[in-house]
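In the two complexes that follow, chain A is the common piece, with chain B as its partner first and chain C second.
Right, the complex of A and B next:
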């Protein structure tokens, strides 16, 4: 099936990108491979017919946040010789795998033993802007407002911190 | 899927892919001739094929050949060759793909099937444009950074900072527009603009959002890195900015990307604020109702336009000094024959339509074609506005540019949202 092929493609890209983020030495390579992961995740959302989440994933994460991070990497202009020598990283990697392995096995077991629920096809408007908006502003209004206040607080905090440094000079 | 479905998919995708690329040639030509016009000179008028200069369009061909045959150099000091090659592709492809959601005609109804006239019939519309436009920054950042050159890095930094900061007023201007239209779907926005305000004014975004359109156009100019916001390639300070190390085909792709971005943002401005494909006072229903009179009107108008164009070519396409057997007059004769040939072709098509096909599906196709022409005409004019501004206004200083973005446009767009929402709530 076409959708199955796309699903496999996106999952492979998501996992490979995430692995690249951890394994690449240069921060620019790591950031760019993380962009691949984020775009692949957006593709998975689109396969689930979550159109709004797909667009927001692309605008906010793949577009805005990652371009700021890459902007900062460019600003710092890190060269190969500025990076710390990572000796024995594969030793740590293997150790990490051994530590994480039981958790992974547990998760696989949990996923395999999930009760098989009937898959139903979602309605025509599922995941559209209007449907998500209506749900968000009727059932989830309070959490939504709390999150916006949290964002506002961090925004004001950033401005205050930036302003302080300016007056000291 | 019937063969008609497949044909329409091919037509729509081909329109979305090839029209922006064709408009690269048109925009470059318009830029050159426009610059020449503003500076009171002739512009490119020498390059020719067998004496045919096509008003300067052949110069584009000469430039393309020159760029194709230049050596494509990757300087030896560049460590990240992959990003160096990837950057121009990102710039060009993102500009091209963001055009995919722009509707170029009203939903085409053939039989009992409806076809949304966008390259990708997606209903998240403007969100797709914002998402893809955000990716263009990667191209600029990667180009500046991987060039490993102080001019490149400075240009990339300037450009990225500018694009990121102007995305905010642009997004806020779009929000107040969404409040008015009540949808993010660009097709529905264009249909909304086919209505009439008080029964006689076309309900275009520019009338409903006079402040929003100014903010959006300024932000779009900054996003496209065009003068007065082309600090990123300020020749007098940083040579050519982020594409200082690029040559040959890779520079060509950057160059094409710039013009595709200009075309795409013109198309978005037209769709959001200038009625998209709508012909003022003639929305799709009216056009369908009066398809035969409209066809007759077009049949009457085309020869008149043809006559004026022919007279204009005759007057202007001559040598400005005495020449025996003026080759430019010979050239003009051929052009005038082509113009009349086109007039006859259009007349023949409309005649066949009136005799054999009027009523039914042909009406819908006729209306769609008229709307495509309207859309392209509006977009061409908007591209001309880009050229107009570029050769009229001087460049900003960098601090003035950031001040304009953050201190003027951002508060204005916030104010615009509050005023718009208040009016919309009061009226509903």
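Right, the complex of A and C next:
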């Protein structure tokens, strides 16, 4: 089926991008491969009928947050010699995989024991802007306001931390 | 169907944990944390599709907002630490060790 093919394609892109993020030495290469993961995840959201989340994933995550990270990486002008040496990187990676593999297997087993879910047809307005918006502004109003305060606090905090114009550093 | 999406989420989350515990470059560690947030988002959206309720989507939006706030603050801290120490190694950033 077409949707299954798309699912496999997006999954392969997401996992390969994530593996690239973990394996690349230079953070710029890692950021580029992480963008691939984010775009593949947006495709997975689209396959799950989450239209609004699909758009926001592309605009906010792959657009705004990743361009902020890449901007900072370029701003610091990282050369090869600035990077941490990480001699035993692959040793640590193998160790990390050995530590995490049982957790992953346990989680996979738990996930696969969930009650059966055949491919149902989602309702007409499922995941659209209107439906999510109504939910957001009725049942989730208080968390929404708290998130707005959080964004304001992080804005002020980032300016205070990175600005530091008054002190003579 | 939903199980396969959740399995992808588990794989991405485990890759994020491996990145956090085995790398020392502060940017890679930071992006691995973002990867874990994304894996959690994928499981939220998949379970919202399973139950045909929109709460998972709203929760995914909240996670994205928190990730944006975290990105702004964390990158400011990284710039500050880079100014002080001139390094990007998480082993060097041990000011709180006492």
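Heads up, the rule we're going with is that the second predicted complex is superposed on the first by the 155 of 169 C-alpha atoms of A that agree within 3 Å, B and C clash if a C-alpha of one lies under 4 Å from a C-alpha of the other, contacts with A are read in each partner's own complex, and residues count from 1 in each chain.
Just so it is clear, contacts are C-beta pairs under 8 Å (C-beta built on N, C-alpha and C of every residue); 3 or more make two chains touch, one makes a residue touch a chain.
Being a predicted model, the structure only gives us computed values, none of them experimental.
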Which superposed partner A:48 touches (first chain B, second chain C, both, neither): second
Which superposed partner A:64 touches (first chain B, second chain C, both, neither): both
Partner chain(s) touched by A:35 [first = chain B, second = chain C, both, neither]: first
Partner chain in contact with A:12 - chain B first, chain C second, else both or neither: neither
Partner chain in contact with A:162 - chain B first, chain C second, else both or neither: second
Of chain C and chain B, partner touching more chain A residues: C
Which superposed partner A:149 touches (first chain B, second chain C, both, neither): neither
Which of chain B and chain C A:122 touches, first, second, both or neither: second
Which of chain B and chain C A:141 touches, first, second, both or neither: neither
Contacts of A:77 with chain B and chain C, given as first, second, both or neither: first
Touching both chain B and chain C, residues of chain A: 52, 56, 64, 68, 73, 75
For the chain B and chain A complex, residues of the former touching the latter: 79-80, 83, 122-124, 127-128, 130-132, 134-135, 137-138, 141-142, 144-145, 153, 156-157, 160-161, 164, 167, 184
Touching residues (chain side chain C, partner chain A) in the complex: 1-8, 10-19, 21-25, 27-28, 30-32, 34-35, 38, 41-42, 45-46, 48-50, 52, 54-55, 57-58, 60-62, 64-73, 75-80, 82-83, 86-91
Touching residues on chain A, where the partner in the complex is chain C: 7, 11, 14-15, 18-19, 21-22, 24-25, 27, 30-31, 34, 37-38, 41, 44-45, 48-50, 52-53, 56-57, 60-61, 64-65, 68-69, 72-73, 75-76, 78, 82-84, 86, 89, 92-93, 95-97, 99-101, 103-104, 107-108, 111-112, 114, 117-120, 122-123, 126-127, 131-132, 135-136, 139-140, 143-144, 147, 150-151, 153-155, 157-158, 161-162, 164, 169
Residues of chain A that touch chain B when the two form their complex: 28, 32, 35, 51-52, 54-56, 58-59, 62-64, 67-68, 70-71, 73-75, 77, 80, 128-129
